[in-house]
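Multiple structures are listed underneath, in structure tokens.
Here come two complexes built around chain A, the first alongside chain B, the second alongside chain C.
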Partner chain A sequence: MMNGTWKVDARDGKLAMAHIYVAFVALALGGLAGLLQVLVRSGKFELPAGISYYTILTTHGVLLGLVLTTFFIIGFQFAAVSRTAGTLSDRVRFWGWVGFWLMTIGTAITAFYILIGEASVLYTFYAPLQAHAGFYIGLTLVVVGSWISGFAMFAHYAKWKKAHPGQVSPLLTFMSVVNMVLWLICSLGVAATVLFQLIPWSLGYVDRINVLVSRTLFWYFGHPLVYFWLLPAYMIWYAIIPKIIGGKMFSDSLARMSFILFLIFSIPVGFHHQLVEPGIDPAWKYLQVVLTFMVVIPSLMTAFSMFATFEMYGRSKGATGLFGWLRKLPWGDARFFAPFIGMLFFIPAGAGGLVNASHQLNQVVHNTIWVTGHFHLTLATTVVLTFFGAAYWLIPHLTGRVMTKAMNRLAIIQTIVWSIGMIFMSSAMHFAGLLGAPRRSAFSTYGDAPQALEWVPYQIAQAVGGTILFIGIILVLIIVTNLAFFAPKGETEFPVAEVAEQAERTPLVFENWTLWIGIAVVLILIAYTVPFIDMIQNAPPGSKGFKLW
Partner chain B sequence: MMHMHKYEKIWLFFGIGSLFVFLAVLGVGAFAQGTQPPSCLTTIDPEKVDQTPPFDKPGLVKTGDNEYQLNIVASAFAYTPNQVEIPKGAKVTINVATKDVIHGFEMAGTNVNMMVEPGYVSSYTQTFDKVGEYVILCNEYCGAGHHLMTAKVKVVEQ
Partner chain C sequence: MKTQLNTNTSKTKVEKEPPLKGTLVSVLFLGFFLIFTWVSVYFLFLNRL
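Moving on, here comes the complex of A and B:
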């Protein structure tokens, strides 16, 4: 009923596109920074004009980890709720624009202070390194803007629910709401440290800061942040890819259940980023490790669902044998190919994640370049390739154009280039990390230490892979520019999958927000209350700010 | 309430089953065998590290038969001391404290890897069974000289 030719309203399309433009500008600049990083780390190249490696790295992390992701996600979700729950009301759209401009202005302010060298604190800005207050204020605007957009989406959802009493909401709208609820709950942590600790301290209103409390609030946010990136990719996998391949969704209920499980289990787990730090009792660390691993369950459900969808589709096209269905998939369609390759990369990426989150194994890889290798698989491949795949239909849908065959071919090449570059860069990072090579470090031989010299060949391999990746960035920018401004005019579908006939009706319980948010809050309280009180009660003297760059 | 496909049930049964086995292994390792990650709870005034024992006299101290303490002060961008010789087979408790920002303390090629945060002592005990030279380095960004922050440990025949 809701499929076929439904189009996102042009005014909503503009709002979504505004976000997407910023996202791809961030990709261009952040990608350039990435290229410089791998070149510096190879030891064969030095930054000109006294530019600091760490200014570049802060730029890369902020633009790609925070800006690209948040803007693309919010833009995509505005389009998705407009497509599935109907055109936004003028009020909702207005607040969407307010959110957009706050985020954009905030990004500009933060970028300014990074580029003038007043904020080389990396995108995690750990105190007591102290950036210019403008850096934190800019980030605050980004977060507040995203909250406003989140509430605009909630309002749109509430309106739909009111107009359709007793009905299950459209899946993509439901998923967008879950993701924004997740974002809202977790970003309260980073907002707390920025507003109550970092800004007053960087402005000189208070002298000292509680470092461990600040880090803990940051990581309360930092892990769910990665699920905030991942869930939109899952939206595309669950609710859009089946339509692209011409099949049906395996089950609507299971998709909703996995999203709810992510909401519940991705927040009370930040200690797995703090496993090797002092001041936290290891029993609490272990509890959060256990909770961390619960996301394995919805991950397994997602993997099953995806491959079930693919197999069902292939068999419906007459495939036989154990793997015959693989041949029926539309390999030549970049809208499918890019996200599918992203899914494949998630298999080693997930395995690496299990290592990182393990109570004891973490110590082997913590803060080594292994970790960077890990999230260039999860974020910079699985999520990003899925977003690219979505951009290939979303942008022409919103701009009233069509992707040409030539662009589709280029997009397939782009995916292959990205995969090759990433295999080089990420594998080299993983191996070097196991040997001990640190992350977040400019080139160094540590006084010609024999161990450090062993890492150099891997760093050269990273530079080769990173250069190939940069070519991938140029390719995707060419495609996106074409789709936004030059592709032939026409109609492109916003694909939304239907549920398979044999799947049963979705129960309403998934929209019992009091229940799910209640459970999430209880788990957060269980996981954090006691250790957090400990931190405050047994706090050492606070720290003054340092500007050591 | 919800019906699942038989294959999905099998998949989840084995998946979740191995998950719990894995978590049990981690738990037994942590609580029965005592392999916990470094989680020292001792606090210290970050501005008085140089006056606070044992960091007022950083270095290697013998504390028992084949047992040692290695006390190290971290600050931007150096470790004090930055050259240490450890006799082979020694069981060494490494204590590190920082005078300024957060640093890392990683001894490449070993399991020694911990965060060093202002206000806390970071501690980990390691037995050195292999002769050789190990590089210690800072693996948490601490400023412009972060990648130059290093020290050396030599494990030598007794």
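Moving on, here comes the complex of A and C:
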């Protein structure tokens, strides 16, 4: 019961698909940029026509880190709330379209300024690098558009709650709401630096900028950003994969609890990206690192829950022995296989994350290409493969088609290609990083310095892996195009899992938003107020803007 | 505030816990892997001090 409609309404499907198209266009263009990067960094290739490496890298980071993710997530969540809490009202859908168009126009403006070479400031746009104001204005529209879509989802949730007093909301709707609350709270930080610092400064209204404040506001946003990417993948793992394999969810309460913990602990932790930054008292860095490590709890809860789901299913099918259940999983089904491989990659990804977040170990890897290797595991494999796996049923569901056996097979191959490419590229990045190779640098042997020469073989491996990955991008684009426009007509299920019989009942306390948002705000205030005041009161003279490309 | 209310499955609780030995071993292995990685880089850090 309570799954609302079985099928996403066609009008809602259109809204979701619009987002998904933009996401995959971003994947195509961003993937091409990625290919160029690995080729340049191999030292065997130079960009033609004086194109800057940093223009390409900015394109890659913005299109894949910001555009692909945000669009896919919002599109997926609109579909998920429509599926589980019922068809959107005309008003909610209208505002969803407003959000979509604002985001799309904003993306076009930002992309324009990047591509004409006026904004090679990378996707983190740290001051004192200064882009054309159009870059920041475009990004503002993207963020405002996402807020509108977020509020549209909240309105839809509120309507469901009103119609079902005293009932626990559908899991996927609840999770979408948590993710948008997280997004809303954290994007206030990036909005503040863009509106009050970067735009006035890039327009020349003010001459100088407080660099530390702008970086701090960025990372107040930047870390929760990675959870904004990750939580939709967790939605798919918790609430959809069990259905795909034919099993049940291990526990609904555990899933909700882990989402609430992510909401609480993923925001007051931005300093773990600023561990080597002067101007922040180490005591505050320490506090935020402790809070960072709290995220280990919901992460391990998720790992446990996934293993348990798989084992329960396998045993229900008669599996014996310690790991016999593994053999019962539907390995030939790309809707399962792609996200499952994503989960596996999350193990080294998480291990690397613990290293990054530890102050001393951070000094070993800070700003090296290790970090790039790390988030190509988390984002560019775990999250992205999960999204691909979801696209394999979501797109045909929304376009009224079915995935053919041939396409399913291609999707399995795609997953394998991606894994091989990523093992090469990401491992090379991790090892080169441990040897000190910097991220965000075009090829250089630094005057044939012996240390820099050590990196070259890894950079070649990186190029091999990156090229294989690019083939993976072509494959997924073929599949997605097929599913959207050419696959045979038919009905595809939007899978939503049920909870196992043994699971505890879900308490309503998870939907006590005042409580959870209140705790989140209190933790944010504790973690940020004093150091933030310090940054303003004891600020050095601000910096002028620089255009180094 | 009410705390206990309905969920997707309102069936009564089954007493027996499912046997999740594989899960236990898997998460233990995961934990060891995390510690192993952390300690490896920690020694690298110490070596470079």
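We adopt the following convention: the second predicted complex is superposed on the first by the 545 of 549 C-alpha atoms of A that agree within 3 Å, B and C clash if a C-alpha of one lies under 4 Å from a C-alpha of the other, contacts with A are read in each partner's own complex, and residues count from 1 in each chain.
Here is the rule we go by: contacts are C-beta pairs under 8 Å (C-beta built on N, C-alpha and C of every residue); 3 or more make two chains touch, one makes a residue touch a chain.
Since the structure is predicted, the reported quantities are computational estimates derived from the model, not experimental observations.
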Key: Touched chain A residues, chain B compared with chain C   = B
Task = Check the residue A:352 against both partner chains and state whether it touches chain B (first), chain C (second), both, or neither.
result = second
Ask   = Touching A:252, do we find chain B (first), chain C (second), both, or neither?
value = second
Partner chain in contact with A:447 - chain B first, chain C second, else both or neither = first
Inquiry  = Output check: A:325 vs chain B and chain C. Expected answer is one of first, second, both, neither. What do you get?
reply    = second
Ask   = Where does A:546 make contact in the superposed view: on chain B (first), on chain C (second), on both, or on neither?
value = first
Inquiry  = Looking at A:312 after the superposition, I want to know if it touches chain B, chain C, both of them or none. Which is it: first, second, both, neither?
reply    = second
Query = Just chain B (first), just chain C (second), both, or neither: which does A:128 touch?
reply = first
Request  = In the overlay, answer first, second, both or neither for which of chain B and chain C A:278 touches.
outcome  = first
Query = So, does A:364 touch the first partner chain B, the second partner chain C, both, or neither?
reply = both
Residues of chain A contacting chain B in one complex and chain C in the other = 300, 304, 308, 354, 358, 360, 363-364, 504, 507, 509
Remark   = So, in the complex, the side of chain C touching chain A is made of residues 1-11, 13-14, 16-23, 25-27, 30-31, 33-34, 37-38, 41-42, 44-45, 48
Inquiry  = Under the stated contact criterion, what part of chain A meets chain B in this complex?
reply    = 52-54, 120, 122, 126, 128-129, 211-212, 215, 253-254, 257, 274-283, 285-286, 289-290, 293, 296-297, 300-301, 304, 308, 354, 358-360, 362-364, 366-368, 435-444, 446-447, 449-452, 504, 507, 509, 538-543, 546, 548-549
Request  = Please name which positions on chain A make contact with chain C in the complex.
outcome  = 1-2, 166-168, 171, 252, 300, 303-304, 307-308, 311-312, 314-315, 322-326, 347-348, 350-352, 354-355, 358, 360-361, 363-365, 434, 498-509, 512
Ask   = What part of chain B is in contact with chain A in the complex they form?
value = 1-5, 7-8, 11-12, 15-16, 19, 22-23, 26-27, 29-31, 35-47, 76-77, 100-102, 104, 106, 108-109, 111, 113-123, 133-135, 137-148, 150, 152
